[in-house]
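Next come two complexes built around chain A: one with chain B, the other with chain C.
For the complex of A and B:
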């Protein structure tokens, strides 16, 4: 009887693999093949026309990337941008989630307003911001110069690297914090309320309650939110490129250096370098959090 | 057991859906590009006329063509302007380019360098029509790099220059500007930035528009990106003089990085008497009610220079002979006077003729929407003839100019000098190096 069961189990496993086979084949075709092809063309000079032969160029594409000063500047800007946007948008989303984790009149309306920036298409928000900060007829300049008379001349918001970086960072935090908020609200609703009541009876402060009850509950979600947001912000392109040309993050660098000239070999080389950087970064985050968990 | 059967059924359905999807795609392509069972030759025509009214015009031309050529079927493929470049690259990369493609001259040059275009077929169509039938400026900028052929068949154009509100100039007793100094004089007379009044509206952002406008000033001072031997000539005294002039002129324009909408709004709203813009501004001016006060002048230091875009039709390389012949016939059909006028009438004022016989034809000039600009016809025709472009030297069109534009080396230099107040010599050096790196 036992051996029959085991045999059935083996059959079931094979059957399960057979059923999974179409999906696995699709995964290999749609993810595995492009990844391997990307590595192959990073060593080639690739023409657009498939009837023209690709030329093997060895490490030339990688050399071109590593010898380019603007690549390192771009990595530096992107790392600062990623850390700022990920940290602040996560912290802000968490703070609002903790605040919203209670019943009050108009909660649904406030909830809708909070997630508005996340659900509205990025292009609409970008153009709204560009009009707000327009050098000629923007409402921000109108308020500063014409209404409050705080300055005689309008600052060129998106034309100066420093102000452009600050504005793009604020924009990204505002655009992305609802994702953290939604993730934390979902997990906070599952925390047993009696734990907070017990903490209250022990005379715990709000901060102590957060550390003892809330933080352990949200930690797995926090790791996921931070990891995903780090990856997404690291590769950001549309929001930055459409807002300003003064913030040269890696997505913009990749476009300017490779796609604008259809240099797919170089684009592939840059993407591999970026993959190594972001993979190391995410592993570092996970290792750090897991070590804290072990402690 | 039932669960197992259900699982098998679902997996089978998934696989069959996937394979069916692949199957239908393949057969669709076969039908669209090759010979159909009916014995007709089917070709595709990819263009940017996406608005419904324009699509109707294109379809009407196709219907007329099919009536006259019963063994040919033409499929219209309208593609949005924003997706056009990526569509060309994607289709070309997969060997699926349509038989006929509408290109700007820059896109056409890039396609030629990627060997997407049948240059012999293009030349045959132009020769058949006769080179003398086209405006010289239109043919000059569509020549191949070695000057022996053409990157596409010109079908229409738009040109760009300084649009002047003559009524505003008359109020201040000023004449139409004829050279660089005159332009500065007029701009200075109108400049009152505190009250949001500007001497001229110029683009200064890192964009192709800025490069296009600046190119007119540089070329009018004999400064080009390349010389006739394809040496990079960005960092030259002539170019420096043009950059300095542009910076001075931009001080009478709106602050910061200005783009297409800023320039158009300032001129149409009468915040400035002069603006650098293409013929696409005409309808907006007409709606604003001052079409009769409009004049077109060209930047002029050593010679007057207009910028413009010649829209060409490319014929794809690597097709069957029957498809190539069909494509040649259709492109030739679009060059026939009546059909070409129908094409131009899709956007009266915006697009302009490249065929001499069209400009004076009553069917073209007497169109109601075009009558308001009748006085500008000669100026616009002269601008098409004065067309000069960066990267076009002594009848040679260097295809690398497309990459220079795409990377924004020139517009970045202008933006840095004008908006960021960067050192002109340093920026010229940087731009020179950037362009040299591109053509290596």
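For the complex of A and C:
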């Protein structure tokens, strides 16, 4: 009996690896190998002409990156952007989830509307924003200047670093908050309603109820949402690049280095720096997030 | 009496806030819709209008005319990429998800953690080596290069989703299949898969959305307008005479429709279904 069980286990292992083989091969070929190849490229001077051989240059690419003023500027912008977008999109998603955590007419419809900006392709949303914030006939300028009379003049939204940064930040918050919202909705539904009623009897305010009942229940989810969002925003590219050329986050800096400046060596060096930062972040939070994900 | 009144007021206040929230969140979509049915002259008129003075569906007709607007070509490319990616992601997800959910083997924990790490990384970090590698084997300017990259982007989540779905299927069903003489593969595809259809549809929808919305890999690997997907194709028209606001908005709405419908459908499936039908008696 015992030997049979053991044999069954052995078969399981072989079968499991057979099933996982295609995925693992893809992972090695398209993640593992490129990671090593990236390190190789970062030590090379790569000519634009693919037929010319690359030259080993040691740490030159890294030195160049660390001496580049726009690299530090990019790090700075990325950090502020990441903190702002992660904090506000998570808080906003949570606030709406708490606000909507009751029965009301049209709840399903409102729910679908909230998720829209997360589902709709970024490009489509960006066309709408470009139109709304147009310098000449944009409706936002019209509302600010002519309807509310808040200002006589509005910035050229997309063409100045400060206003472009504000715009991209709001856009990213609007695009990503539904992820936080969806994560919290499910958890909030599982919170025992009688706990709120008990708090009500004690005369607790909304904020006290949130701290005493809601917060302990959502804390693990909060950790996951904040961690994942931080990482994703840290290497964001698409949303920023499509909206404006004025906000030089690290993702855009890296992309331009590779495909506008065509300096692959330096671009590889930047991705390694980025990789090290994200990897440390992941390692720092891995235990916490993994535990939540496995529950 | 007073108490009831206060409660009603509170309710009204609640609904006012809901409506306000909806209007703000929906505003960009309303603009999109409004511009898509405005005349071209009205789209660039000042002051701007929210409700169009004249209504026209010309933009929607125009974007489907290959003679004046390349939308259908972009649509075909996007569909080809997204369908291939999602079919493969579901298939690999079934195999990998089954192994991680139902089988006991050495290295299981390590492999799940590895998939989870990949899930957090990827994206832009590997564009340089991926571009060099895939160009070197002749996949430059091809939709296949995008497909390959999108598969690896979606695979970890696909496996994770199928695994958690398979976890809800009771072991007895598999044993019943074994008694009936089904092979190991037979158990997966005859018993587990039919019971997980709604879960597998959400994996499909997830992968489809990621591929359909992708900008990064398409912009790296595709140069010629013939091969462009909707996002990079439409974006490449910016600042060209073809960039007619009405058409861009009409195209945006049509582009959003498949993913919004699919997403809504998959959400509905998840809330119903599961494996309730499987273990009766």
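Heads up, the rule we're going with is that the second predicted complex is superposed on the first by the 223 of 295 C-alpha atoms of A that agree within 3 Å, B and C clash if a C-alpha of one lies under 4 Å from a C-alpha of the other, contacts with A are read in each partner's own complex, and residues count from 1 in each chain.
Simple rule for what comes next: a residue touches a chain if its C-beta (ideal position, glycine included) is under 8 Å from a C-beta of that chain, and two chains touch if they have at least 3 such contacts.
These figures come from a predicted structure and were not determined experimentally.
K.L.:
Under the stated touch criterion, which partner chain does A:53 make contact with: chain B (first), chain C (second), both, or neither?
P.N.:
The answer is neither, since A:53 touches no partner chain.
K.L.:
Which partner, chain B or chain C, is in contact with more residues of chain A?
P.N.:
In the superposed model, C touches more residues of chain A.
K.L.:
For A:135, decide between first (touching chain B), second (touching chain C), both and neither.
P.N.:
first
K.L.:
Touching A:256, do we find chain B (first), chain C (second), both, or neither?
P.N.:
first
K.L.:
Contacts for A:284 in the overlay, against chain B (first) and chain C (second): which applies, first, second, both or neither?
P.N.:
After superposition on chain A, A:284 lies in contact with neither partner.
K.L.:
I'd like to know which partner A:156 touches here: chain B for first, chain C for second, both or neither.
P.N.:
A:156 sits against chain B, while chain C stays out of touch.
K.L.:
A:31 in the overlay: touching chain B, chain C, both, or neither? Say first, second, both or neither.
P.N.:
Only chain C is touched by A:31; chain B is not.
K.L.:
Looking at the overlay, does A:15 come into contact with chain B only (first), chain C only (second), both, or neither?
P.N.:
In the superposition, A:15 contacts both chain B and chain C.
K.L.:
After the superposition on A, what does A:245 contact: first (chain B), second (chain C), both or neither?
P.N.:
first
K.L.:
Quick check for you: in the superposed arrangement, does A:237 touch first (chain B), second (chain C), both or neither?
P.N.:
It touches chain C, and chain B stays clear.
K.L.:
Of all the chain A residues, which ones make contact with chain B and with chain C?
P.N.:
Shared contact residues on chain A (touching chain B in one complex, chain C in the other): 15, 19, 22, 26, 50, 136.
K.L.:
Please give the residue numbers of chain C that touch chain A in the complex, ascending.
P.N.:
14-15, 17-18, 21-22, 25-26, 28-29, 31-32, 35, 43-48, 50, 92, 95-96, 98-100, 103-106, 108, 111, 113-118, 120-133, 135-136, 148-149, 151-152, 155, 159-160, 184, 209, 212-213, 215-216, 220, 230-231, 234-235, 238, 245, 248-249, 252-253, 255-256, 259-260, 263-264
K.L.:
Which part of chain A faces chain C closely enough to touch in the complex?
P.N.:
9, 12-13, 15-17, 19-20, 22-24, 26-27, 30-31, 33-35, 37-38, 41, 50, 96, 99, 104-106, 110, 112-117, 119-125, 127-132, 136-139, 142, 146, 174, 228, 231-232, 235, 237-238, 241-242, 251, 254-255, 258-259, 264, 267-268, 271, 274-275, 278-279, 282, 286, 290, 293
K.L.:
If we count contacts the way the header does, which residues on chain A are in touch with chain B in the complex?
P.N.:
The touching residues are 15, 18-19, 22, 26, 47-52, 135-136, 154, 156, 158-160, 245, 256, 260-262.
K.L.:
What residues on chain B touch chain A, complex-wise?
P.N.:
The touching residues are 4, 7-8, 11, 14-15, 18, 89, 92-95, 110, 114-116, 196, 205-206, 254-258, 262, 266, 318, 403, 406-408, 412, 415, 419-420, 438.
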